[in-house]
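Chains here go by letter, A, B, C, D and E, matching the order in which they are written, and residues are numbered from 1 within each.
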Amino acid sequence: MFEAVAFYLFAFLTIAMFFITVTTSQALYALTALAAGMIFISAFFFILGADFLGVIQIIVYTGAVMALYAFGMMFFDTTRKVKEKRGNRYIIVGLSTLTAVLIVVIFAAPMVSKNIVALYPVIEDAGNIQLVGVILFTKYLIPFEVAAIMLLVAMVAGIVLAGKKMDISLTLMSSEEIKKEENKKVLS
Amino acid sequence: METLLYIALFAPLVSSMFSALFTTTPKKTFVGVIASLLIFTSFVSTSLLLASIVINGNESVHVEMMTWMATGNLYIPFGFIVDKVSVTMMMVVTLVSTIVHIYSIGYMDHDKSFNRFFAWLSAFVFSMMVLVMSDNYAGLFIGWEGVGLCSWGLIGFWFHKESATWAANEAFIMNRIADLGMLIGIFLVYWNTGTLQYEGAFEVFKTLDPATLTWIGIFLFIGAMGKSAQFPLHTWLADAMEGPTPVSALIHAATMVTAGVYLVIRSNELYSLIPNVGLFIASLGAFVALFAASMALVNRDMKRIIAYSTLSQLGYMFAAAGLGAYWVALFHLVAHAFFKALLFLGAGNVMHAMHDELDPFKMGGLKKVMKWTWIMMTIASLALAGIFPFAGFFSKDTILEAAFAEHHFVIYGVLLFTAGLTAFYSFRLVALIFHGEERYKIFGISPHEAYRFMLVAMSPLLILAMIAGVLQEPFFHMIEEILSAHEYHIHSHTTLWIMLVGTQVFVALAILYAYKKYANAFIKVPDGTSAIENSFVYKFLYNQYYIPYFYEEYLVKPYRELSDIFWNKVDMKILDASVDGIAGIIYGTGEKTRAMQSGNLSVMLRWMVVGFVVLLSLAVVFGLTARYSENITVIFSGLGAM
Amino acid sequence: MEIGLNHYLVLSTILFAIGLAGVIKRKNLLLLFFATEILLNSVNIAFAAISHYYGDLTGQMFAFFIIAIAASEVAVGLGLLIVWYKRHGNIDLETMKSMRG
Amino acid sequence: MLSPINVSMESLNLITLAPMLIPVVGALLILIIDIIKVGLHKSLYVVLSLLFLAMDFIAVVDSSGVFIANGTTFGLFDVMLIDGLAILAEFIIVGASMLFIPLAMTHKRFHEFSYPEFFALFLFMIAGFQFMVATDNLILIFVGLETSSLALYTLIAMHNRDKSFEAAVKYFTMGALAAGFFSFGAMVFYMLTGSIEINKIALVLAANGYADMGFVLIGVTFFLAAFGFKLSLIPFHTWAPDVYEGSSASMAGYMSIVPKIAAFVVAMRFFEFLVHSGNAWLDIVLYIVVVVTMTASNMWALVQTDVKRMLAYSSISHAGFVMAAILIGTTQANTALFLYWILFSFTNLGSFSMLWMSRQKHLPDYQSSDHSYNKFAGMIKTAPIASVIVGLFMLSLAGLPPFALFWGKLYMISSAVAGGYTVLALIMALNSAIAGYYYLKLIIYMFMKEPLQGSDSCAYATNITLALKTIVGIAAIGTIFAFVAINPLLEFITAFVHNSGY
Amino acid sequence: MLDHILSILIFFPAIAAVFGFMIQKDSIRAYGISVATIEFGLSLWLWFTFDGNVSGMQFMENLPLVPSFGVNYILGVDGISLFIIVLAAFFTMIGIASLTETPNEKNMIITILFLQMTMAGVFAALDAIVFYVFWELSLVPMLYIIGAWGGPLRIYASIKFFLYTFAGSLVMLVGMLFMAYFFYQATGTWSFALLDWYRLILPETLQLWLFAAFFIGFAIKVPMFPFHTWLPYAHGQAPTIGSVILAAILLKMGTYAFIRFSLPLFPDASAAFMVPIAVITIIMIIYTAMIAYAQKDVKQVVAYSSISHMGVIILGTFALNVEGITGSIFLMIAHGVVSGALFLLVGVIYDRRHTKLMSEFGGLAHIMPRYATIFGIMLMASVGMPLTINFVGEFLSLLGFYQQSHILTLLAGTAIIVGAIYMLSAYKKMFFGDVTKEENKNLPDINKRELVALIPLSVIAIWLGIYPKPILEPINNSVEAVVRLMHNKAQSELAKERIPNLVKERASVIKKTVIEEEVH
């Protein structure tokens, strides 16, 4: 019973938050709603016994991602009202409703799940974090490392893109201008 | 013997090529002389061949020079045969052409294309020899087309004249129509007999069924119709008179136009197997005889009148050949060649004298200045009219007899009536030209007689026109075996005599009427005001039954217009446009739908989602169908739909 | 009233649809990125739920990596936005139309 | 309680990881060098990258030896995978990258090549692609995909001008959406089978007899959308022309080859069993997608005024053409895919390199874009050899024999015929004819038009250096003399594909 | 060397063309002429060493190219292809020799040499893919020739030419691949070798489809109605040499391919499609002849006349008997010579007046008698005057088809009428009448350079008309082999009936020899 109540409560909250995120015209509201939605999602993770995931969700999303977005917002000065044309509302509403309805139609149907063998079964007497750790460093070691590389890539990319290097464009400068620029650097 | 044959055949070719060497140089008389000599050589060789054949009896000379085409079962050699039929024809060809060549030296004296003329003329003789001498249908066809080509070149000899080139093309194209028939005939012969050699084919003909033979006969005759200008392919002959007069004498009177008759005679073994076709040929011949004569009655162009008379005489020949009297046809062909060539050459003299004036109404009284020509043309006309004892009497009366003896009285009647017309228009011409007032003086022309040597050259024809009749008996004996000829005997001598005398009287009356009407001093140049000129019959005849008009209006013009439509409308607007249209649709689709790539990220995302949703709905529909397929089947079967 | 896997799946689907709607609706790039986050998060719920109901940890792993991916995407995406903003002073989708056709 | 886990080094099969590690190490090395000394010339990084790529190539050769000896080999907890597809794809990825990287050595300076980060990211990207193809684990595929994609977005943006930012943003945004699709699709399959490894998914689905067809189709739809984005299948292609136009010509050429082959391999792994499941829906949908992609992009290519954009659409069309192989699904078709792509790499890289060679920094008046058609008008008069080479590449792209791509088309259409898709074969053939037009258009501009007034004769060679010449030379030779190499290639590829069970 | 003479014939001009880039501009012409002459000499040598009594392939070469896919470099000639190869070399030589002042002469000559390579390749190839390679490759030089040296619409014309043919041949390629796949199914190995394919007997329905696929490729190339619309543009815009080679050789690829592929591979389909194709050819013959009559541009007259003549060639091919096929092959050569010469002749006047409109001329026979004479000879050859080269071909083609259908042959035979109509009227418009235009009064007559090309062509046109045997005999032997093969492969009643059995007809052969003996 608790589970059902919690589910419906958080389901309602999440949907509401995300709905606000995509519909509001105030960027700040959107950001806040998104962050709230993320936290509510972590609630599901806890309900489902995925504690590690829940923690990560809060740390990464609300901690890192939202912070980034917040910085971004400050930078972009989007606190003012975002103007958006309301032309193609029907398309938007239609498309998304259709998608939802279609998938719901399917998923509401009973599933025939046979032959499913849990490859990495949840062991009752071990904590979720322990289990995750074991799998992460055996089976998913490589993806884990690759994810690290990915983060490195993202970091380098972020630095390159947002850094000073992109301020002048060598692509658009003629060779004389480039020369001049280099001399300036040497002098400075 | 073979050497003689080759000389007879190739001397004209040598002559032609020799003359051709000088086509771009100014006039050189020696070209004409040498050409004439070479043709004469051919004539001599032919005479020797004739002599040897006559002396040795039935023997023929047959050579096979080389293979022409050989593929599959088809085998066509360049083979030549000189037998009694072909040698007769060769004699006519070489004799007349020798005379015409010599005559032309004078006639073409002032023409700057003198050399070219001899090249074409000799080439024609060569082609004609090939036609005559070939021992197979394909070889015949070579000559057949060759004479057509030379005829084109000679009709259009004065190519600066629009009318001449037009007439040349008309002649060529009309002949081509007939040649198609001939070609089909040849194909039929090949696929039914496996060979194109006369000998082999004739052997097999005897075993074929009449239907096939009829088709072969018809198609070959279509070929003959074109070359011999039979109705309805006759219009080119009159127009062909645009060519120089010696050409008319040689090609359009004596030799080429008789090639059709020759073909029928040559294939007598075929036509004697299919009397029905023969009867058709005879009927058509009789019709053309009358038809052409009627047009000659009112025409006002000297050469055209003679041309129509040629047409008419060709009708006689076909009538004879169609009735199975091949030797008579051949004999008339020979005799006709002599007097008609003479008539044309005489007309040539007149034209020369009158500075190419052709309307006899503008002449008159020329006998004073052109005595020899007058004599020659009168005799030739007498021969043409069939007055005893000239050549025409013997040949033409035999045709009448043959028609009578074969009990084709309608044909006989038509031919008899035509004989009267022939006499009338021939002497209308003679009377208008040589008798009566000297009307030409109004036009300031001072006529003169032709060169002496031209007249001398014409003299053999004059003599032959006069005495050819005596050759009838020996000719018959020579030819009787090969053409399975027999003399036509009217049952009673009385009938025969009545016929002969009657015909003569009829013809003589016609001549007298012509003289009475046209040899008087009151003839004026018609100006289109007289009652007779406005009569329907006159106009009808004068306009050649409106047949050329009909051809022009209903064949030539539609062809041209249809061609234009095909090009401008069908080819450009439909076919080409549809190809371009396909390309255009593809390009246009690209042009129109490129707006989909608006560059707007939102739209791009939307496309992506749309694509996804479409796929998804398909998946759902399909998935649901798969899942509930059993239920659906049940429902449908309940509805009776499945 | 037992909460089954289907409930979570339906929830996930609804969230995904909301995300999708956001993606096609938003003209502001930053808000657009929010929508993509929703997409990924909705999948995470489903993964966790399946993982739970199957008693298999793989789903959680997937969700974990999805979170990592989302994070790095944010970094790069914001980098790009910053560059664009520096040049154009806005992050409006409608201004990105220099290439078309 | 958890039991300790013993892992033996042998069971890890570290060799399976070697090819990917090399570029990662290279990238890190480049980053370190940059930290130690700033402002080194780009040639250093080019050569370093080349070296690492060469080593990578050798490592791939080595793993192909492993494959020949042992067949399909798993490693590192069955996450890594060496099979024929992986090796072939890696050959193409590494080979094409080796052909691409010297294109950095242009005569003019361009922004991206002036920074070592470019080369580091480039190597990371290659590693990402390699991870993507050398596994059948959806997680690793996803992570590899994102690694390479994120690097690629940056590389595009680093060209540093408005169009390239725009391109990068568009690519990125759509990529994010595609990532959403991918993860949802993976979720569906995980839900259906409890597994995220493609071969296991296939096994489970087969064991169930595809009972949940509806769910499978939902999953397939999501994957199709995700791959469709990566492979630029219509209607998920909209990024392609803009991104190609926005990025530098060399990068565009690279993008038309390497990311796609990686995606093709994944798609092949994924769709292979589905196509053979006798599912009419997938057949129909793939059929439509393939035909529409080929045809529509051809039509759009017809109306382009910029050569690079035209080539972008033509690349979409080629991708659609090759996608047919996945639809057909026979060994011959899969072989044809690789053969086609190898030959396509040479030709397409060659033609993009020719554009790259002629890239100006400032557009003259008569030019509306970087590589508008009229830039090439009358090129035969001013730069005969260059124009002959461009013509050659165009003819090859059009599928004119005996140039490289003809053989690819030949084998591909043959596989369609042999697979029973006769109508598809005809459509493919006719599409080649449509495509002929726009390739021809460039040839016509080069060979048959007069040069424009005021055009600069050396505009075509403005960027030329020995490195570029070499690359173009290699591409040209590969294009012309492809017929010599077809047989060994064919045998090699057939053996690899066949032994991998595809 | 003889073992590889075909390869040499193919690649010698190509290699020479590559070296040609090194030659200085002013000397390129001499180089081109000498290369083409050597090539022609080689082709004559090929003819000389060719054994006319052998009906099969000679000078075979076989080199594996993609053996695992059954693509091999197989070459060989028989009587069917030999003379077209010789003709191609001949026209390349004549074309270069008679080349008038052109801008970028060097490019032109190099292009022509490449073209020569592709032409030799098409006719020597015995592997479908090798054939296809050369077939497609021949488009490129032609595209360049038309597009770079053509008239005002040259680009449109060249694209149209290229794409139309390209599209058609791609369909053909699908057909070839299907054929190979069928071979694979039957034998378990891939093969594109034509001689392998000959051994295959296909089910009739499949034959129909494959025939159609090949037909589209060939018909566009020929070009057959209604796929012919590219040709007038191509000819109308191409420079003289382009038109000459296009008409003389390139169009023959289509007709040649019909004999090489369609007939022996699909005898049943050929028999089944005989009547529809005959109807198409009749439309071609009459319809295009009428269009030719409506033209105002003399080059277009010749161009449309080409289509009309191609109709006769196709008709002869689909006679399916020895006479017809032999005739059609002979007519290919004949039409090559005649139309090539006619285009050269048109080029002569175009060089002088820079117009091809007939209304601009008139009375040229006065000013340029030699030109008029040669034109006249070719005109007569074109209308199929006996003792010219065309007649032999047309006669045999029509003769052959007559066995199949009387009425269709009668209709097709109108070729000789309609042909005469447009040709004579064109000749009349150009050469007859008075000289009306002032510009025409001082035109120089034909010069030596032009005579170099035209005299040999005139001689050939007449020589082969009188004595076609040296060509006809080898053709005949090879065609007999083809017909025999077709008859043996034929399955349907219709095909058995339409394709003659040569063994059965031995009886009439004996009869022929008997007649020959009697004659001697």
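Quick note on the criterion: a contact is a pair of C-beta atoms (placed from the backbone, for glycine too) under 8 Å apart; a residue touches a chain by one contact, two chains touch by 3 or more.
Bear in mind the structure is a predicted one, so any value in this text is a computation, not a measurement.
Student: Keeping to the contact definition above, tell me which chains border both chain B and chain D.
Tutor: Both chain B and chain D are touched by A, C, E, going by the contact rule given at the top.
Student: Which chains are shared contacts of chain A and chain B?
Tutor: C, D
Student: For the chain pairs B-C and D-E, which is connected through the larger number of C-beta pairs in contact?
Tutor: D-E
Student: Where the centre means the average of the CA atoms, what chain is farthest from chain D?
Tutor: Of all the other chains, the one whose centre lies farthest from chain D is B.
Student: Using mean Cα positions as chain centres, tell me which chain lies farthest from chain E.
Tutor: Relative to chain E, the chain with the farthest C-alpha centre is A.
Student: Kindly work out which chain lies most centrally, taking the average of its C-alpha atoms as its position.
Tutor: E
Student: Which whole number of Å gives the spacing of the CA centres of chain B and chain E?
Tutor: 35
Student: Please compute the C-alpha centroid of chain A, do the same for chain C, then give the distance between them in whole Å.
Tutor: Here the centre of chain C sits 5 Å away from the centre of chain A.
Student: Measure off the straight-line distance from the CA centroid of chain A to the CA centroid of chain E, and report it in whole Å.
Tutor: Computed value for the inter-centroid distance: 69 Å.
Student: Based only on mean CA positions, could you tell me how far chain C sits from chain D in angstrom?
Tutor: 26
Student: Listing for chain B: what residues touch at least two other chains?
Tutor: In chain B, the residues touching two or more other chains are 583, 594, 597, 599, 601, 605-606, 609-610, 612, 616, 620, 623-624, 627.
Student: Can you tell me which residues of chain A touch two or more of the remaining chains?
Tutor: Where chain A meets two or more other chains at a single residue, that happens at 91, 95, 99, 103, 106, 109, 111, 116, 118-119, 131, 139-140, 143, 147, 150, 153-154, 157, 159-161, 166.
Student: When you check chain E against every other chain, which residues touch at least two of them?
Tutor: 163
Student: Would you please name all pairs of chains that touch?
Tutor: A-B, A-C, A-D, B-C, B-D, B-E, C-D, D-E
Student: Which chain C residues qualify as touching chain D in the complex?
Tutor: 5, 9, 12, 16, 19-20, 23, 29, 32-33, 36, 39-40, 42-43, 46-47, 50, 54, 56, 58-59, 61-62, 65-66, 68-69, 72-73, 76-77, 79-81, 83-84, 87-88, 96, 98-101
Student: Within the complex, which stretch of chain C touches chain B?
Tutor: Per the stated touch rule, the residues are 20, 23-24, 26-27, 93-94, 96-101.
Student: List the residues on chain A that touch chain B in their complex, please.
Tutor: 88, 91, 95, 98-99, 102-103, 105-106, 109
Student: Provide the residue numbers of chain D that touch chain A in the complex, in ascending order.
Tutor: 1-2, 5, 7, 17, 24, 31, 76-80, 108-112, 114-115, 117, 120-121, 124-125, 127-128, 131, 135, 137, 139-140, 143-144, 146-147, 150-151, 153-154, 157-161, 164, 191-195, 204, 207-208, 211-212, 214-215, 218, 248, 361-362
Student: Which part of chain D faces chain B closely enough to touch in the complex?
Tutor: Residues 169-170, 173-174, 177-178, 181, 213-215, 217-218, 220-222, 224-225, 228-229, 234-236, 238-239, 241-242, 280-281, 285, 296, 298-303, 434, 437.
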